[in-house]
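Below is one structure, written out as structure tokens; comments come after it.
To keep things simple, chains are lettered A, B and C as they appear, and every chain counts its residues starting from 1.
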Amino acid sequence: MAEPTRRAVAVNSDVHFGDNVTLVEPVNLYGCEIGNDVFVGPFVEIQKSVSIGSGTRIQSHSFICEFVNIGSDCFVGHGVMFINDLFASGGPARGDKTKWKSTNIGDRVSIGSNATILPVSICDDVVIGAGTVVTRDIFEPGIYAGNPCRKLRKL
Amino acid sequence: MAEPTRRAVAVNSDVHFGDNVTLVEPVNLYGCEIGNDVFVGPFVEIQKSVSIGSGTRIQSHSFICEFVNIGSDCFVGHGVMFINDLFASGGPARGDKTKWKSTNIGDRVSIGSNATILPVSICDDVVIGAGTVVTRDIFEPGIYAGNPCRKLRKL
Amino acid sequence: MAEPTRRAVAVNSDVHFGDNVTLVEPVNLYGCEIGNDVFVGPFVEIQKSVSIGSGTRIQSHSFICEFVNIGSDCFVGHGVMFINDLFASGGPARGDKTKWKSTNIGDRVSIGSNATILPVSICDDVVIGAGTVVTRDIFEPGIYAGNPCRKLRKL
């Protein structure tokens, strides 16, 4: 019988850390930029070219994919999944990154646990409720929730 | 370049276990009370002051935060996320626990996988469907599902 | 005080691997059949009797339970949870597998991140949006999303 290739999660040497970062391992981090005073909880993966602004917390069980930028003083709850591939041609891009789309999260954005973030832009000072599926850009500060996501009220 | 502080998940010595508990590591457990005959699957975090009643199963990938009490003979599915911070002032409480709210789950409550549980009370003998977002207290036994959660029918 | 039984995730010796499989550990795999050219990301559990077809990718944080069969060239996103127990008698089957139901996923099925898949059949050439809760069988190729899942359009 064939033997699989077994790799292991790691904090790769190509991750750039600011000051006063705390990680709770196991985590899988590679090729990303982590700002000052960031916390990363356990069972988290952060892929290459991601940047995380200073003072932001990434809670346990979250997944942050390539092509995602997150601002400062954000809160990414537990089990939050970011997405860069919309299966636009009916299936996964399978490595053709010209088909991937980027996500930009402003500053002071709080994302509730189990939320799902498609490739969108979210402005500063937004609260995303737990369990929300964000499918469109958000241009106005406020509180958003639902599947698909709608604005509930102003902050 | 700065070096991050690296901690690791653990079963802390301050966890109080009943008889016949099974854990599948890696898990991150600290300061909590785990009753008799409880099962905790892999990739689970249970925070301090949580209590889990006897005979309850906590399945893989779930996160149980501070201020949550779960009764006996419950079933917490895979990827279930509990919440104690409603971002009530427009963002995370950032350690100000006077802003956190508690969750109380009765006995014989079954919570489907990928459900999200905001700080609520749920009475005995409730079934929460998979993928449900529970935003309000549940006072009557029955089957509940949806985002936001609604009662589907009696048990 | 009682001491818990501590087990650990593993790649059990009873897993049958095809050629060119890659795993990123920690993962918990036992009793399953993994086809050629399959990728399994970190923090994944695949239970016994599951079969995964060739060329399929299982991304991080996903859970694939007993009684699930997945075809070839599929994509299972991050944090996807499969289910075999509908709590049909008002609570978990607790080991009575006559109450469990099976899931059959065709070929070239792409399942978005944080989706929840109840025990259903899904035909070939289907895209399931991120955050979707699939509660019924899918017989026609197309793009499906929502909670509960509805057809959005043809592929």
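The definition used in the following text is that a residue touches a chain if its C-beta (ideal position, glycine included) is under 8 Å from a C-beta of that chain, and two chains touch if they have at least 3 such contacts.
The structure presented is a predicted model; accordingly, all values stated were derived computationally and were not measured.
Asks: Listed by label, which chains are in contact with subunit B and with subunit C?
Replies: Chains touching both subunit B and subunit C: A.
Asks: Please state whether the interface between subunit A and subunit C is built from the same residues or different ones, using more than half shared residue numbers as the mark of same.
Replies: Different: when the shared numbers are divided by all numbers used, the fraction is under half.
Asks: Would you kindly tell me how far, in whole Å, the mean C-alpha position of subunit C lies from that of subunit A?
Replies: 22
Asks: Residues of subunit A touching 2+ other chains?
Replies: 26, 43, 61, 79, 114, 147
Asks: Can you list the residues on subunit C that touch subunit B in the complex?
Replies: Of all residues in subunit C, those touching subunit B are 1-9, 26, 28, 43, 45, 61, 63, 65, 79, 81-83, 87, 90-92, 114, 116, 118, 133, 147-148.
Asks: For a test of understanding, state which residues of subunit B touch subunit C in their complex under the given definition.
Replies: Contacts found on subunit B: 11, 16-26, 34, 41-43, 57, 59-61, 73, 75, 77-79, 108, 110, 112-114, 125, 127, 129-131, 143, 146-147, 155.
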